[in-house]
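The two complexes that follow have chain A in common; it is paired with chain B in the first and with chain C in the second.
Moving on, here comes the complex of A and B:
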């Protein structure tokens, strides 16, 4: 089985990345900060103004290391892409399904069902962990949301047209985020969640979520590319120039599990504090440099946790699950599986 | 798996110094330098075969000495570091 490899995050402004032999070297102001052999890496993410030598970019493209540029707040800017590789027959199969709405729904509904089921699990965990100690009104709200989402999961697997699927997904997101504030145990009023907002995120919780979603998107995209799927052609998300729709599709299953839970842990354990964020003039809120390191460390730790894959029954790290799902999706597209088994977290 | 590689390359002549550089370069491509002629390399079996072949190719078995210590998949746990020259944990979070 594929090994879970490491990702380098470069957050120091004006850092310079170069290749030395088969190593990547991180330099800041002409001084070497660190080096690592490329075979241990699967991704390089640069936040802000970071330079990289052409030789390094070429080596990454060849070795299949995902190289992404993001803005300091984690918004995706650019990536380095090597020559298209992988199986052209698989990609053709993917395009055929994507062009056919009724066949796309067969995949998309399991993705959405898994997402909603995972959202429900997040609520269940909150109820289990500290449901008894919260006020009765919030307990009731959580139970109602949990019941609605459970019910909806069953409803989704029978949906046959894309529009109603997207409608149900939106409704589920609204129900889930309407109780999101109750997941937050921090007494600090700075961590009030005022509904999902992005571009720019308008509160600290949203800023944290957006940042984690950007990290997740990067991982999903590289997982898809490494199994030879085209990350731009999605089933649930419509094609749009520059958008990695399939990566967004794949992400849906993991959002509640990997990003939302991690954001809640960081807030509830006070690993990030109100002062870790900057408020901008337009009302947008972003993470500070130091806090970004805390979040990245927590993210890497989360990816190293081991779980048992519900479909494959194998123990693996969380970081590998996206790769496994991409593999399962490609098997379904090739006709080796009867349905796409989306990732449902227990 | 983690492999510890140590070497003594005879540097009396120019050819020896060249061998030294090239042996060090091969080790560096696969791992990290922990002391002057000591490298820790995290490799899978295929990569280890490559690296080993490359090292045997570069070194002169009549003059140089190479030692490979196989520390296995849980090799990290068998290593304790004390003192100066801290090294990077390549399995840990790499934020620069």
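Moving on, here comes the complex of A and C:
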């Protein structure tokens, strides 16, 4: 089995990263703070003002280690790319499908169906874990949403045009997020969820979700790149300059499973608290430095958890799943599979 | 010397010698590496690379009175291959120096002929470049630490030539063959990327997906 490799997250401002033999060394103010063998790494993500030596960047590019710069709140800024970048034959196959609406729908509807099924699973788990202790009205609302989403997955797999698909997806998101507050066990009113808001996130739950989605998006993008797909050309998400549409497509299956569940755990177990956020003028809310580290550590831990891959039937870490889905997508585009087996979480 | 008019065209179509070896190990592995540009570094490839780096670092030296060329660029238009030879010793004297390829290998001699073919491919390149017959070379395995002499007989030459042709055809077609699960998969660094068990006779995904969506 492919090994689960680690991602290094560097959040210390003014840290300097360099290569020493086959290792990466992290220095802060001239002092060595950490060191790791490069061959155990899958990615290096730098949040904020961090420097790196050209020798390290070259070594990462050569070994296929994703090296990216992000803003402190996780907005993607830049990445280092080496001479080996994908395979033109696969990309052509990808573009041909992306240009063909009928064929794009065949992929997109499984992605959306899996996403909605996974949202439904999140609700089922909430019902299973806390259902009995919830007020009856909440239980009813959760059950209704669960039933609606279950029904909707059946509708989705029959959809044949992209506009209806996007419509149903939007509806499902509204239903799912309408009960999102019921997933939150924290008594603290600061963790009221006010509906999805992104630019900027208008409450703490949204700030947390946005940060996790940024991490997930980054992982999906690297996964696609490592199998040679173009992360910018999607099927469900239409082309838009600067947008990594295929990474957004791939993310859909994982949002509920990886990001939403983790956000809920962090809130429900009080690992993040109201004071961990900064409220900006104009209503935007972002995570503090220290809380970001807590979230990154939890994200790493989540990625180390093992699951059984539904299609491949092999045990692997959550961190590898995006990679495997990217691989399966490329195998479908090459004609080795009759459809794309989107990730269904149980 | 000016290149022949068709040389540049030929150069475009050369395939790396290493692809022959990959092809003999498994055609799909060859396609994953050389068409799909996938590679996964596992213990074996890292070790292999370190070994090569050690060999590469040497300058032309003289051992037992034999001059050795290190990391020599080689190619053959007849076979359509190019690459590098780890070490080429120059045997003989004066004006009759005969190149003698020596390749360093991890582990012990293997039952498939990939290593012999790789060496023979080097020999055929050297024949074309030096304009002389190269009838023998050696593989040097680190376990046991020993040289094995390889004769470039007609059978090995034919196998090398046929393999080069198959690799060229496959790379030109740009199509990756389906996996065939075999005992080599255990030692294949690309097993996770290949998924031989699941993709050998792939399931009907549609049926699988619809079943899994329910319940």
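FYI, the second predicted complex is superposed on the first by the 344 of 346 C-alpha atoms of A that agree within 3 Å, B and C clash if a C-alpha of one lies under 4 Å from a C-alpha of the other, contacts with A are read in each partner's own complex, and residues count from 1 in each chain.
Heads up, the rule we're going with is that contacts are C-beta pairs under 8 Å (C-beta built on N, C-alpha and C of every residue); 3 or more make two chains touch, one makes a residue touch a chain.
Keep in mind the model is a prediction, meaning the values are calculated, not measured.
**Student:** In the superposed model, does chain B or chain C contact more residues of chain A?
**Tutor:** Touched residues of chain A are more numerous for C.
**Student:** With both complexes superposed on chain A, which partner does A:174 reach: first (chain B), second (chain C), both or neither?
**Tutor:** neither
**Student:** Quick check for you: in the superposed arrangement, does A:198 touch first (chain B), second (chain C), both or neither?
**Tutor:** Neither partner.
**Student:** Quick check for you: in the superposed arrangement, does A:334 touch first (chain B), second (chain C), both or neither?
**Tutor:** second
**Student:** State whether A:39 touches chain B only (first), chain C only (second), both chains, or neither.
**Tutor:** After superposing on A, A:39 lies in contact with both chain B and chain C.
**Student:** State which residues of chain A lie in both footprints, the one left by chain B and the one left by chain C.
**Tutor:** Comparing the two interfaces on chain A, one with chain B and one with chain C, the shared residues are 39.
**Student:** Where on chain A is chain B touching in the complex?
**Tutor:** 3, 6-12, 15, 20-23, 26, 28, 33-37, 39-40, 293, 296-297, 300-301
**Student:** Can you list the chain A residues touching chain C in their complex?
**Tutor:** 1-2, 39, 63, 84, 86-87, 89-90, 110, 113-114, 117, 153-154, 157, 227-228, 310-313, 327, 331-332, 334, 336-342, 344, 346
**Student:** Residue numbers of chain B touching chain A in their complex, please.
**Tutor:** 25, 28-32, 41-44, 47, 88, 90-96
**Student:** For chain C, which residues count as touching chain A in their complex?
**Tutor:** Touch list, chain C to chain A: 35-38, 40-41, 46, 174, 176, 178, 191-193, 195, 198-199, 202-206, 208-210, 212-213.
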